Structure formats: C-alpha cells, structure tokens
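Single-structure report; data block below.
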Amino acid sequence: MQLSGRGVSCVRGEREVFSGLDFEAGSGEAVAVVGRNGSGKTSLLRLIAGLLIPAGGTIALDGGDAELTLPEQCHYLGHRDALKPALSVAENLTFWADFLGGERFDTGKGLATVGLDHAADLPAAFLSAGQRRRLSLARLLTVRRPVWLLDEPTTALDVAGQDMFSGLMRGHLARGGLIVAATHAPLGIDSRELRIGGAA
Amino acid sequence: MQLSGRGVSCVRGEREVFSGLDFEAGSGEAVAVVGRNGSGKTSLLRLIAGLLIPAGGTIALDGGDAELTLPEQCHYLGHRDALKPALSVAENLTFWADFLGGERFDTGKGLATVGLDHAADLPAAFLSAGQRRRLSLARLLTVRRPVWLLDEPTTALDVAGQDMFSGLMRGHLARGGLIVAATHAPLGIDSRELRIGGAA
Amino acid sequence: MTALTALIRRDIRIALRVGGGALIGVLFFLTVVVLMPFAVGPDLALLSRLGPAILWLGALLASLLTLDRLFMADHEDGSLDLITMSRTPLELACASKALAHWLAAGLPLIVATPVLGLLLNLDMVATGAVALTLLAGTPALTFTGMIGAALAVTLHRGGLLMAVLVLPLSIPVLIFGVAASQAAIVGPMTFGAPFSILCALSLVSLVIGPFAAAASLKHGLD
Amino acid sequence: MTALTALIRRDIRIALRVGGGALIGVLFFLTVVVLMPFAVGPDLALLSRLGPAILWLGALLASLLTLDRLFMADHEDGSLDLITMSRTPLELACASKALAHWLAAGLPLIVATPVLGLLLNLDMVATGAVALTLLAGTPALTFTGMIGAALAVTLHRGGLLMAVLVLPLSIPVLIFGVAASQAAIVGPMTFGAPFSILCALSLVSLVIGPFAAAASLKHGLD
Amino acid sequence: MTLIDLANPTRFLALTARLLPWLAAATIILLAIGLYQSATAPDDYQQGATVKIMFIHVPNAWLSMFVWGVMSIASLGTLVWRHPLADVAAKAAAPIGASFTFLALLTGSLWGRPMWGTYWEWDARLTSVLILFLMYLGLMALWRAVDEPSRAARAAAVLTLVGAINLPIIKFSVDWWNTLHQPASVMRMGGSSLDRSFLIPLLVMAVAFTLLFVTLHLAAMRNEILRRRVRSLQMMQASRVAFAEVGTGSREGSTSKEAGAA
Amino acid sequence: MIMSLGPYASFIVTSYAAAALVVVILIGWIVLDHRSQTQRLRELERSGVTRRSGRSATDRP
C-alpha cells in the first residue's frame, strides 16, 4: 500500500498555504509532518482526508481497497475531538464504533486500553483535556482503517498516555498500516520527516 | 509577593479531585504543576483564578495590591483562547488591551513580539492552531499582572514559538512576577515542580 | 444501515437527555401559544377562530428554532468531519439527522397539540384536524429547515441567518396547513385538496432537503 | 470606563460584522410579521386590529432569540472567564453587554416598525404608538432576557431553554406594550397609564437584570 | 490558482469596456422613446390615467423574476462548471434584482390603492413577490455575512436554486388561486388581449428596462471583478510581508535553523 | 402639452419618481463603487504590489 501526493497545493481563505508538495508513505511507515505554525500541516492532513479540496496536484492511495475512496480508508484525529458532552464516555465510543462500522468492537476493552475504564459512565463533559484526548484515541481502535491521519495527537497527554499511544501506533504499523502525523513534539516512534514551508 | 495555598481541596461534579494541597510561590518563581491526566491541574489553576470555589482550604496572595482580589491580579491562559473569529487579529488584541486596562499598549508591537504582525488584519477565524495560541499569548503583554496562570501554554507552538514564549516568561519573572503553569512538556525555564495526585 | 440507526439513536438520545429538543421545544410551543391570547385580547370566539393559525405558527417557530444547531453542533466538535469522511453517503446521513430531529422535536409538538387546543377553546374536530395537518406538514418544515441548517454551517453563522433564509421556504407549508385545518373546521373548501398539497410539499422536501443540504455541506468544506 | 466602552464597541462590532444581530434580527422580525397574515388569513380589518399585537410579538421573539448567545458565545470561547476575573464589576460588564445588544438588535427593530406597519395596514398614529411603546419596552425585554441568557450559561444550555425561562418574565411587558398601543389607537383607556407602567417595567429591569445575571454567572462558575 | 483565474476576467473587462457605452446609449434612447409613448398613451376607459403606472410596474415585475432566473443559471455555473465568472455574475445581480422587485412592489401597491382601494392585500401573487424580495435580501445578507467570496458563492448558489421554486409560483399563482391581481394578458397562449396603444409602449419600456438591467449588471460585474482583484492584491501583500518577516517573529533565542528561512 | 393625470396624479408621479430615484441610486452606487475600486487598485499597484510580482518584491510597505 502506498499513499502518495504529487505537486499538491493548498489554498485557504484565498491565500496559498503551500504548493508543489510531493510526499509518499508506504505500508508500515510513519510520516511526521513538521513545520512552523501556520505552515499548513493541519491543511495537508485535511486535504488527504478529503475535507479540503486541493487547489492543484493529486493525492492517491495505491494498493488499498479499490472500491473505497481515500477518505473512506482513513481515520482522522483532529484538534476537535468529536465528543458529545451530554453522552457518557461509553456511549460516545459505542456510537463511533457503530457508525464507522466496527461491528464486533468491545467498548469496555477499548476504554481499558486508553485508561478510561473507570470513567465509562461519566458524561464526557466531566473529562479533563487529557482524558478527552484519550477517548478520541480510542476511536482509532473501533474499526480498522489502513491510514491514520493524526493532528498533534499527543497534545494534553501525560507521560503514561504518550507511551500508551506510541504502543498503539507501533501496533498499527506492524499490521501494515500507515500513519501521517502533524506534530511539534517527537512522536515516540520511528518516522520519516516531511517538512512544509522551509526550515522553521 | 507570595502566593500560597493551604489545605486546598477541590470537588468537581460531586467527586473529590484532590484535597489538602499546600503550595507556595514567591516573586520571580515559576511553579510547574504536573500530574496524570485528570489529576486536577486545570482545576487548581481555576481555583487560583477564582473561577472555581474551593471545597476547603484557602488561597491567598501576600504582598500584592491590597485593594485588589487575587483573580484581579492574575492573567489566566486556559485551553480556550478567548478569541472572536469574526474580528481581526489586531481587533481581538486591542479589545483585550482596552478591557483589561492596558492603556498605552501598542498592538502592533505586541503582535510583532508573538510573530503575528503580518496577520494583523486577517480574521481570527483564519488562524492555525499555533497562531491562535500565539495570539492568546500576546494577551499576557497587554497589561502587567503579577501572577500568570498558564494551562499547558506551549500546546501547538512550534520550536521558535516555544523559545519566544520562554523569553516572555523569563522577562516576567525578572520583573518580579510569578508563574503557575500546568504542563506535561518541559516549560523551558527553571521551575519548581508541584505534583498533584501522586506519581504518574 | 446500522450506521444510520446509530446516528438516529445518538441524536434522539442527545435531544432527550439535555432537553435539547423534545421538552424545550414543547415548552416553547406552549409559551408562544399562551402568549397569543395576551396579545390578541381575551376574546374567546376570536381565539378559537385563530386557533389553528396560532398552533401552526407556534409549531413552525418551535421546530425551526430547534433546527439551527442540527449540523452546527456536529461541526463545532468535529463530528461532521468524520461523518463526511465515512462510508455512509452524506445525503443519507443528512436525512437521518433530520429524521431524528423530527422524531425528537416534531412529534412531541403533535402530541402536545390536544392540550393546547383546550387552552385555545378548540373543539375535538378542530384539534384533530390541526394535529393531523401538523403530522403531515412538520416533516416538510424539518426537511426544508435542514437546508438552512447546512447553509449555516457552510457560512460559519448560526441561528437567525438560517431562520431568515429558510422561513420563506416554509410559508407555503404554513398556508396549506392552516387552510386544511380551517377547511376541516368551517368549510367551505374540502379538507382533501389543501391536505394533499401539504402531503405533496412534505414529499418534495423529503427529496430536495437531503440533497440540497449535502450539496451545501460538501461545497462548504473547510 | 474604557473597559466598558471597549466591551460595548466590540459586541456591536461583532453583531454588525457577521450580520449576527442587527440586520438579521430585523429580517427575522420582518419574516415573522409576514408569516402572520398567512396564518391568520387575508382579512385586512382583522389584521389591522391584530397589528400592534403582531408587531409586539415579532419584536419580542426577534429580540429574545438574538439574546440567547449573549453570554453563551463568550462562555464557549473562554472570554467570560476573563471578564469575570477582571477589575470591572461583573454587574457593569453584564449591563454593557445588554446595552450593546439592545443598540445592535433592539433599535433596528424600532426603525423597521413603520415599514411593517404599512404591511399590516396600520395608520400613522397606530404605527407611531407601536414604535413608541417598543422604544420604551424593548429595553425591558433585553434586560430581563439577559437573566435567561446568564442562566443558560450556568445550565450549559442555550437557545430555547433560555427563551422558555424568560418568556414568562416578558409577558407583563408584552401586555402593557400592546395595551398602550391599543389605547392610542382605539381607546377607551388613556395611552398614559399603560405606557408609564411600561416605562416603569423597563426601569426596574434595568436595575434587576444586571444584578441577577451577574449573580447567576458568579454562582454558576465551573 | 485561486486568486481567481485572471485570464478570463481580463478578457471580460476588455470586452465590456467596449460594449458598455453602446449599451448605455441604446438604453437611454429606448427609455426616452418608451417614456414619451407612455406619456402620450390614451387613458384607459376603466382605469383612467392610472394605467400609466403599468408601464413601470409590469417591466419591473417581469425583471424581478428574470433576474432571479439569471442568477439561477449563474448558480449552476458556480456549482456544476465552477466557472470563475459565474459567482461574480450572481453576486452582482442580486442588488439590482432586489431594486427591481422593490419597484414592482412599490408601484404595484401604488396602483392597488386606486384600483383595489388598498395598498396591500395578502393575495398569492403579491405575497410570492414579497417572498421573492425577502429572498433577495436574504441572499444579499448572505453575501455580506461571509468574508470569503468563494465560500459565499457556493452557499448562495444552493440557496438561489432552491429559491427558484418561487418563480413558477409567482407566474402561475394568478391561475391557481382566484385572486385580486389580474391574470396574464400580455404573454399568454393565444395572443395578447391588451390594446395596441398600451401594448406598444409597454413592450418598449420592457425592452428598455431589460437593457438597463444588462448595462447595470455588466458594470456591476466589472466592479466585482475589480473588488476581487483588490482583495487578492491585499492578500498577496499580506503574505509577502509574512515572508519578509520569518525569523523576526521571535526575538529571544531564535535558532540557527530559523535564521535560514528568511 | 400638459397631461391630465386625473384624481390619482400623485400616485402616478410617485411611481415614476420612485423608479427614477431607485435607478439613479443604483447608477450612483455602481459609479462610486467603480471609482473606489480603481482607486484602491491604483494605490496598491503604486505601492509595488503587482499581480504577478509574487514574492520577488522585497521591501515592506
């Protein structure tokens, strides 16, 4: 499997963010997107996720499921965590598992993996910043998607949380997945660097 | 000047977060609040800022302005950045300068310090995560407050941004201010550690 | 299919839990209806003549005003990104959300109608007619309102702009809803004609709404 | 003082810029008024009799429904935390926000009244009377509505809950507003009596509103 | 490129610059003829001199619908073909269409007073025109509310197409509901029933107003293109300054990497 | 020639006057808009930003 972009350019608010960007990521590989604030890391992830339309160039996944579009084969973890404060922690996770199609997903085990099993019945509104982040990480486990798009995934995680998360990423890579992560801090796994917008 | 808490305890959502916490910070000193996710770092900062009411214990600032309450002598920088997407970057900053009472504050210079002067006329909605964070950092410069309460202030900042911010903090401490910052990453300045809720 | 039922169940659950839809919508409906007599004056004959109109207006405002956050809330917390990316066609997802909204916020209004009919001095037949027209007409309100809700997301604006954009579209629904109720009560027209137009409006909006909303969401990606 | 003027200027600017308050509120008002005749039917005599009531109801809904985000938006983006902590008394800050809201969303309604009066077949005197009562009464709506907006923040609920909480408070305003307008048009009461009660209501709410809102915000800290 | 594909609009600007004076002249001549003819038209045996209002009312009423039609086609251009001039055309048309609709409403109600004894009546046609006016206003509010033209364009396009449902309602309302307003007499199956002495000036005025619309629309489109040019230049200025600025952003301790970027 | 407009002269005159006024306002708006846009364009171009200059221009305004 091979995710590749050729000459991708991005325009937001009528200003060019970057242009002519080439990149590549194969099975089992992690790409760390780095660059100054405002250089377009988040924009690149949203382009891959189909949430923005490229102003030029192409992005394609070779060797994936030919019947599905690229976004349909991605997990996207953005700044906003897609949690409903009114629902309990377990309800939030179960919803995403059902909606994304993870039929035999065990919510309890998923929560235990990210260290939230004790909070399963709390409303999500009561979670601290790091706990929210852990809950959205759990979404990555609900259903298998070959491509993970992660936007500053370790934000607000404590040290133990970061270890847990590197473990998850390593597992995903070992199963042949690929990861594109925007980050300012080290990811905690081996990764290739993709720099946007010149040295920071 | 001395900020001190004695036997502070905190209850949120009818559950005790921590209790019997003592802490202390003097002029020119930075305290880094650390602890697991959900241990109560944010809660502690909000207690000091007067945005939560302690379930027990007292928090006081000695040697400050006797006519002002503790919250009135604090800058609080939380997860949410108090920016209005509809206003331009400069308008956002000018508003806070006026509202907080920084009469002779030069918006252009403030923006230049955080590296946003080129974006002064953009709507704040167009900013990237790190640019938003830089803009809220600029609020610390509008008017002098002895106590800075910072909740994971370096989130989303790039390396240059973190350097810029350590510079700001060092300047504040050198002018006799004090800082209480909740953080998972190193702050980039010398600081005393205050651990909540046992080792992570 | 499970994806859509999961979406519907989640939305209904949120609406019921935080009082976001059902209870509050009904309360609002009640208050508007209670306000009317104050505005109109305590003339019972006039009141029962205006009854269907007042009920329809109340239902219209209540159902439109709960609609404005239909997509906005999902947009703000990032859920909409994931829904757009998912394997479920966006049109179906939009339709499901609207259906959930109607179940949580539209149906209770209809259930509450008999009680409010009492307050407005309407007889059994009149109340029944109004309830029936509401049952046939409120889906049209929800499914046209949905277009406005989607536009509101695209435009980063909530609330009133959406109401303003969508209210003109709902005027025909209101006209025929009231006309059918009046016909059932006083004649001289037959109930059937305006009622079938009302049903036709609902059916048309059931088709146009999800497509227009999905188009607007897709083109408004950011 | 500069802090308060800064707050007022910011709020007005946001309201005007995104079309959040002024323009949209007026358009909503217009649409609600336009909806009424559809519901009530094209009976001009009845319409002009209901005219003041319709205008008042429209103004009430338009001004309340723009109010619901008065504090909620500031709460969601964290501005409210900073406003609470600042050296400006919270009561004054609340009052300023309400004043800004009235200037941006209430005044335009009054300016639009003559146009709408035409649509509803009201004569000059009637239109003038309605506009005057709105001028005296809408501050009361804003300043009582503010309490609901503050409660909505405390309770983590926006929109309709707030409207439901506040509508009962605004019923007296509505009653006397309509009464005064009707008195000016048809008699038999004098205009003066209900009008002075209306003014009194406004004055009272000018005092109570900010205190109640500030108290509710302070106790609802979280 | 985003900053609007300039090649096409540039040709448009050049072309319209040559076309506009002729259009304006033709408009003025036709308007003059039309006004003269309507001044000298005989009084109607029923309506008296008030029939002269028709020469203003009917062209404006037609145009109010015509302009929405133009905007609908432009909207298709925006959504389907993504033509760069389409949203310019749609945006420029809205205020002009709103003005015509306003005039149709105003002259209609001024005519209604002597004819029906009331300025306003909640009749299906009048109301659907009022709704049209409201939708014009809503559309203009929408353009104003969004600072990004391309984003506003797509939303406005969806709304315009949905609103086009109103056009057949306006056109056929008089046939579907038996109302005060008179049914079509000029454009209908089986030829016009209007007397020639009214028909000729009416048609001349209608053509004149249509030309007026074309002229104003082209001029407004030119303005809109210029406005976008100004915008993109300002944007470019902003991003250029941004490039000059990298590295001075942080005072303290800029790293060696960072200096290299400037 | 003096036209006799009958008892409703004011209505007729108002219609024509309103139409004239609205058209004049439209024209005025378009002309003024054109002036201000060309003016701003000229200012921008004078300050060194041209459509194809891109990043090559060096000095800050």
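We just call them A, B, C, D, E and F in the order they show up, numbering each chain from 1.
Note that a residue touches a chain if its C-beta (ideal position, glycine included) is under 8 Å from a C-beta of that chain, and two chains touch if they have at least 3 such contacts.
Just so it is clear, the structure is predicted and the values come from calculations on it, not from any experiment.
**Student:** Any chance you could name the chains that touch subunit C and subunit F both?
**Tutor:** Intersection of subunit C and subunit F contact lists gives E.
**Student:** If we define chain centres by averaging CA atoms, which chain lands farthest from subunit E? Would you check?
**Tutor:** Checked the centroid distances; the maximum from subunit E is B.
**Student:** Farthest from subunit A in C-alpha centre terms, which chain would that be?
**Tutor:** Centre of mass proxy via C-alpha means gives F as farthest from subunit A.
**Student:** In angstrom, rounded to a whole number, how far apart do the mean CA points of subunit A and subunit F lie?
**Tutor:** 50
**Student:** Whole-Å distance, subunit C centre to subunit E centre, using C-alpha means?
**Tutor:** For subunit C versus subunit E, the centre distance works out to 31 Å.
**Student:** Could you please state the distance in Å, as a whole number, between where the Cα atoms of subunit B are centred and where those of subunit C are centred?
**Tutor:** Measuring from centre to centre gives 45 Å for this pair.
**Student:** Quick one: report the Å distance separating subunit E from subunit F, using the average Cα coordinate of each chain.
**Tutor:** Using C-alpha averages as centres, the distance is 15 Å.
**Student:** Can you list the residues of subunit B that touch 2 or more other chains?
**Tutor:** Those would be 12, 79, 115, 122, 159-161.
**Student:** Multi-chain contacts only, two chains or more: what residues does subunit E have there?
**Tutor:** Those would be 127, 131, 134, 138, 141, 145, 232, 238-239, 241, 257-258.
**Student:** Can you pull out the residues of subunit D that are in contact with at least two other chains?
**Tutor:** As it turns out, subunit D has residues touching two or more other chains at 18-20, 24, 27, 31, 34, 38, 41, 156.
**Student:** Which residues of subunit C touch subunit E in the complex?
**Tutor:** Contact set of subunit C toward subunit E: 147, 151, 154-157, 161, 164-165, 167-169, 171-172, 208, 212, 215-216, 219-220, 222.
**Student:** So in the complex, which bits of subunit D are touching subunit E?
**Tutor:** 18-19, 23-24, 27, 30-31, 34, 37-38, 41-42, 44, 47, 118-119, 121
**Student:** Which of the residues in subunit A end up touching subunit C in this complex?
**Tutor:** Residues of subunit A touching subunit C: 12, 49-53, 68, 71-72, 74, 76, 78-84, 86-87, 91, 95-96, 98-101, 103.
**Student:** Could you please specify the touching residues of subunit A with respect to subunit E in the complex?
**Tutor:** 11, 13-16, 36, 55, 198-200
**Student:** Give every residue of subunit D touching subunit B within the complex, in rising order.
**Tutor:** Within the complex, subunit D contacts subunit B at residues 2-3, 5-7, 9-10, 13-14, 17-18, 20, 76-79, 81-88, 221-222.
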